[in-house]
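Next come the structures, one after another.
Next come two complexes, and both contain subunit A; in the first it sits with subunit B, in the second with subunit C.
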Partner chain A sequence: MSVNHFWTAFAFEPFMNALLIGLSMASIWLIAALGLAIVYGTMGVINMAHGEFVMLGAYTTYLLQSAFGLPFLLCVPCAFLIVAAIGAIIEKLLIRHLYKRPLDTLLATWGLSLVLVQGVRLMVGPEPKNVASPAFLNASMQFWVFELSWFRVFIFGVTIAAFVVTWWLLQKTRVGLMVRAVTQNKEIAAAHGIDAGRVYTLTFAYGAGLAGLAGAMFGAIKNVFPDMGAGYIVEAFLVVVVGGVGSLAGSLVSALGLGEIYSVFAYFTNGTFAKFWLFLLVVIFLRFRPQGLFSEALARR
Partner chain B sequence: MKGSRRSFLKSSAALGTVAGASAIGGFPQLLIKDANAQSQPWVKKGGTIKVGVLFSLTGSLAVVETDSNQVVQFAIDKINKAGGIMGMKVEPVIIDAKSDIKVYSEKISQLILKDRVIATFGGYTSASRRAMAPIVMSRDHLLYYPTCYEGRECTQNIVNTGPLANQHSQDLIPFMVKNFGKKVYFVGSNYIWPKESNKNAKVWLEKAGGELLGEEYVELGGSDFTSIFNKIRQTKPDFIFSTVVGDSDIALHKQFKQEGFKVDKMPIAALTTGEIEIRAMGAEFGAGHFLSAPYFEALDTPTNKKFVDEYLSSKYGKGGVTHYNMEETYLSVYAFKAAFEKAAAKAGSVEAVTPRMLRDVTPGIRIEDDVSPEGLVWFDETCHLYMKPKIGQCGGDGQFKIVQAAKEHIAPDPFVIYPERGVCKFDGLHTKDGKILKSVL
Partner chain C sequence: MSNPYHNPKAQWAAYLVFFTVLACVPLMVENTFTVNLLARFLVLGMLALSVSLVWGYGGILSLGQGIAFGLAAYGMGMTMQMQAQDPENMPIPSFMLTNELTELPALWEPFWHAPTGIALALIVPTLFFAALGTIMFQARVAGVFVAIVTLAMLSAWYSMAFDMQPYTAGFNGISPPNPLQLGGYSVDPYSATAYWIALACLTALTLGLKALLHSKFGLIIQAVREDPERARFLGYSVAAYQVSVFTLSGFVAAVAGVLWVMIVQYVSPTALEVSFSVTMVIWAAVGGRMSLIGAIIGAFLVNGMQSFLGDELLYGFLLVLGGLFIVIVRFLPNGLAGLLESVLGRFGKRAASSDAGGPV
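Then we have the complex of A and B:
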């Protein structure tokens, strides 16, 4: 019984699986971080309530399922729309009035997160809820040495799709052009006739919607309870900060890097120790590159 | 000026009276008066019996502790409706501990000093118990701690109604080894209770001739088990022994199925996955797995059927299930009732009953079949319960089928894997060199 449980020796198959798990981790962290990255990058608002938007997405799915019997795959886009709508309302009621006071948005969104958590707890109840997902997602697939659950493949696919769509929206559409203009210089953009306020509302709603989308999927693979958002926010911030503010590509690369580092460390040692190493490496990295991986020179804010 | 002169006269008159009184009675009377004020009765005749109810109603612990709070109120309502304790109503003083360790210790002081409750029901995590224990001990007060815990404590101020680590896994491990095979993988949440429980489980595993393949912990609230499942896939155990708690537990069971593991080939044997967790994960993810607990909602006894019916139809039963933690909390209220009656009879009056007296009369108290949903239990001299742990297998409806019940009551032993520390008895921890240590945490 006196096995040394701390180190796991290298073995080809499980190690390859660990690499695959790293990819899956990366996709989960990226979809959780994407909305945060966009809102932070465009508006300079550090949205402390981002995790709670994830939570709202999960609860939206739960309510749509239990009250209207909507199938899971339909709940996912609905969660995006509903949480985006909630985001738009919050932007109009709260965030809008604090653009000139960036530090206050930090406090205000943190307060908002407390309100959302306790509100859900009072209205829906503190006990965890169950989101059902279709049977074909609750199975695993095998090919070559790999074994992976369909659900993780599904999350991976949705993340890639969300990333591509976001990139396309920002780079190839007129709205995206306006968003980029406002990001670079709000006043000059406004002087050219762009309704900066509207752009901000849209951006915030889109960011919230992405969180809702993430929450809809996380609810089925993990669980649904009022505090669940706190479990995603740390990794989401790590991805955004390491990737560099305002850089979508940076978020992608940092999510991949962090996911793989975590998974490989978790394979050779254990999950708790891997988290420790991950955080330590991030601290050292930020010591030498505080602007993150891809940030185009330090933004002026 | 007139006013102040009058008040001066008044106060000097009052002073005169006091001086006169003490002149007659002499100095000692003042002392006695003071001492009386200190030892004013915890319960006044014709008044109510105040008890503290200190659980988290907000924050992350609210998931479980809301139920604990509800079931204490349910039991108190029931006792009051049946005439109270010796004709006196029980009055709960309900405080939200907000899932914050500091609040537990602050509020239990308030309950003892300001509200002057005679006992407190509270806590779920070991951390909260450890936050309350020093205050309860220094005031020589009483805490009913109503859930399973790791043991290794010997105090004179806590009454426990949940199973100790030694009772929890004693039957489960041999049962699993016999039915599924020798090789096991331990998965737990990363804090004291799972680690201590696993230490206990290792003792039973060695006795049963089992083999431990690996031991992994996930941080509290952690919800990604893929890395752990990757290792489990590699080592191929015959079953998984889980001490994962709370929301992580739900993620564990969901991902078990999603990762393609088969419950009939390699089931999870847990100390924590009760009816409420199954409900939260969906019965399809829980079906086939095992739980060791003294209580299951599906227990087929008249007392339990009545308890389930009454609870679920009461205003507290909105959660829709009963589970072991809830039942253990329910027992603690009846343990309090029995202790109060015994102490009052012993002391001769309700006013003479003190919190410490309640604890001291607790050993030997039996909660009989007609009150206890899990069946007869009784307290040993350390104020832990003799109980019969049962092993249940979850079915497709989210209810457990009892596949094995202990034939005899299993004795609680908080120091079973630490024999070198000594033996816990009524008056403290008896060490090997003959000392008796009080309040060992």
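Then we have the complex of A and C:
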């Protein structure tokens, strides 16, 4: 049966490369999930439009590149800033009115994602666009048994950088202290003079900005099209849920774990089976650790 | 005088009128395509009903109702496909031949026998919901986590249906050549019979659920929705009630899946698309998730609008739908039924105050 080979035998070199692909998957899922993790951890808001922020980041890059001729490496931070600004506006107009109703935020942000996808489709057009990345990122390299493209290394590096910067912001700066205070107990934090509303706006904008950053890079690996965000959202959610709410380290470990498990499953069977079993595994995992890998007991919201 | 919206007798009367009117529709509509379209709306209304049950009454936001719908639809599609196959001359569907399968996969064998096939189409999704519900609710997974887990399972099933070409015909989907044959009769999808079958199922399920929700079980379900912790302290097994309501909603969605394929004679992975399942939630939200009949009407309204506007305006329609959804969630969390409730409440109050001759 030629079409249905459900089992690939072990071979050293391809298997090592599968592990490397897993690492690359993990970095993609982590950068897509990081903003989601911060927003959910701090605000308790499940942002279903997160994937659409990724999409907006990709379109921002595309537009900056095609209209103003900005070099790709400069587009990446611009995508962060522009999408963060959009996030701040959306938080002020919509999200802030729904803090007491987590399920409703989920639904309202789904509505938002529909509006964003269709809006972009109507304004920019449904056909896929290309983002050109610099030549040196398009090359691939080879060492020992591994073969990988520089672009994957670039994404990996940006993800690590974004992770470290986020950790630093949260743990070492005054704003981060405020964010952590509001996360633990919004009322007490407010009683100490912290403007919780502003912290929420900042957090949401930062989360959106991270999605924009991710989008700038994803647009260059694949095409840019209006519903590209849907392709990342489920995996990103699972990374957050498995990692544990409000735990950056948890997101890192869970992205690594899920990426490697997926890639190894996909090596032995195929991508679809791997996805199916990975998702099922996550559900069973949540049966035994509903709070995720790293989550400490959080204040009830 | 209290709010007539809360009067059980008035509620039952409204349900009776609603379904009687629906039953008379094919007598007034000549065009068979319209009858078929309306029958589709009935099935979509049934999906909104399942969302209203699980989300409105159970407080469980499931984004995976499409799993039950899709699995049942595939079961029915396989059943109807096998009715067109001949064990002697043409034992396997043609799409399998093009996918290099030479014999019928074991997965398909039970579907030779139509009643078994239909029973499987109903039982398998229901059991899946029971199992998934047990896993989730025993671990006290709640709130948005349920939404994410059901979403993940849905997207896993979608990729299976999409990718397992030799078994499911992949992206193309299964289109059985003939209408469903049942006990010697052929159920023409464009006939009033098909419409009435769908309506009979919708009526039975709605009235059954209505009665169930008025019973003690229904009250406990709503207590669990309002505050699981307190319900637990009162000695109720919260998980057991949540699993029951989740499983029941899966069964309702599975019935919808079976009827859908009977009416459209086609099933494809779109039945398992994430956006479809979330759209069901939108219907229920528009009509009012706390009202079974409201959710059904929500499905009619949104789909009616969609087919009225037509395909050219589809993207614009989705834009409007998204905006409408945001507005409903933000300002009308109980949908149109909630609006009716407050309007009737105001009338009731006015009547009461004029009776008493002054403010009460």
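Here, the second predicted complex is superposed on the first by the 295 of 301 C-alpha atoms of A that agree within 3 Å, B and C clash if a C-alpha of one lies under 4 Å from a C-alpha of the other, contacts with A are read in each partner's own complex, and residues count from 1 in each chain.
As a working rule, contacts are C-beta pairs under 8 Å (C-beta built on N, C-alpha and C of every residue); 3 or more make two chains touch, one makes a residue touch a chain.
If you're wondering where the values come from, they're calculated on a predicted model, not measured in any experiment.
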Which superposed partner A:272 touches (first subunit B, second subunit C, both, neither): both
Which of subunit B and subunit C A:230 touches, first, second, both or neither: both
First (subunit B), second (subunit C), both or neither touched by A:111: second
Touching partner for A:123 - first (subunit B), second (subunit C), both, neither: neither
Partner chain(s) touched by A:103 [first = subunit B, second = subunit C, both, neither]: second
Partner chain in contact with A:290 - subunit B first, subunit C second, else both or neither: second
Contacts of A:67 with subunit B and subunit C, given as first, second, both or neither: neither
Touched partner set for A:147, first subunit B, second subunit C, both or neither: first
Common interface positions of subunit A, toward subunit B and toward subunit C: 1, 3, 118, 121, 126, 230, 270-272, 275
Residues of subunit A that touch subunit C when the two form their complex: 1-4, 46, 94, 97-98, 101-104, 106-108, 110-115, 117-119, 121-122, 126, 230, 234, 237-238, 241, 270-272, 275-276, 279-280, 282-284, 286-288, 290
Subunit A residues touching subunit B - in the complex, by the definition given at the top: 1, 3, 5, 8, 11, 13-14, 17-18, 21, 24-25, 28, 118, 121, 125-130, 132, 137-142, 147, 149-152, 220-228, 230-231, 263, 266-267, 270-272, 274-275
Residues of subunit C that touch subunit A when the two form their complex: 61, 99-100, 132, 135-136, 138-141, 143-145, 147-149, 151-153, 155-157, 159-160, 162-166, 274-275, 278, 281-282, 285, 315-316, 318-319, 321-326, 329-330, 333
Sites on subunit B touched by subunit A in the complex: 57-60, 62-63, 66-67, 190, 202, 205-206, 211-219, 221-224, 226-228, 230-231, 233-234, 247, 250-251, 254-255, 257-260, 276-277, 279-282, 284-285, 318-319
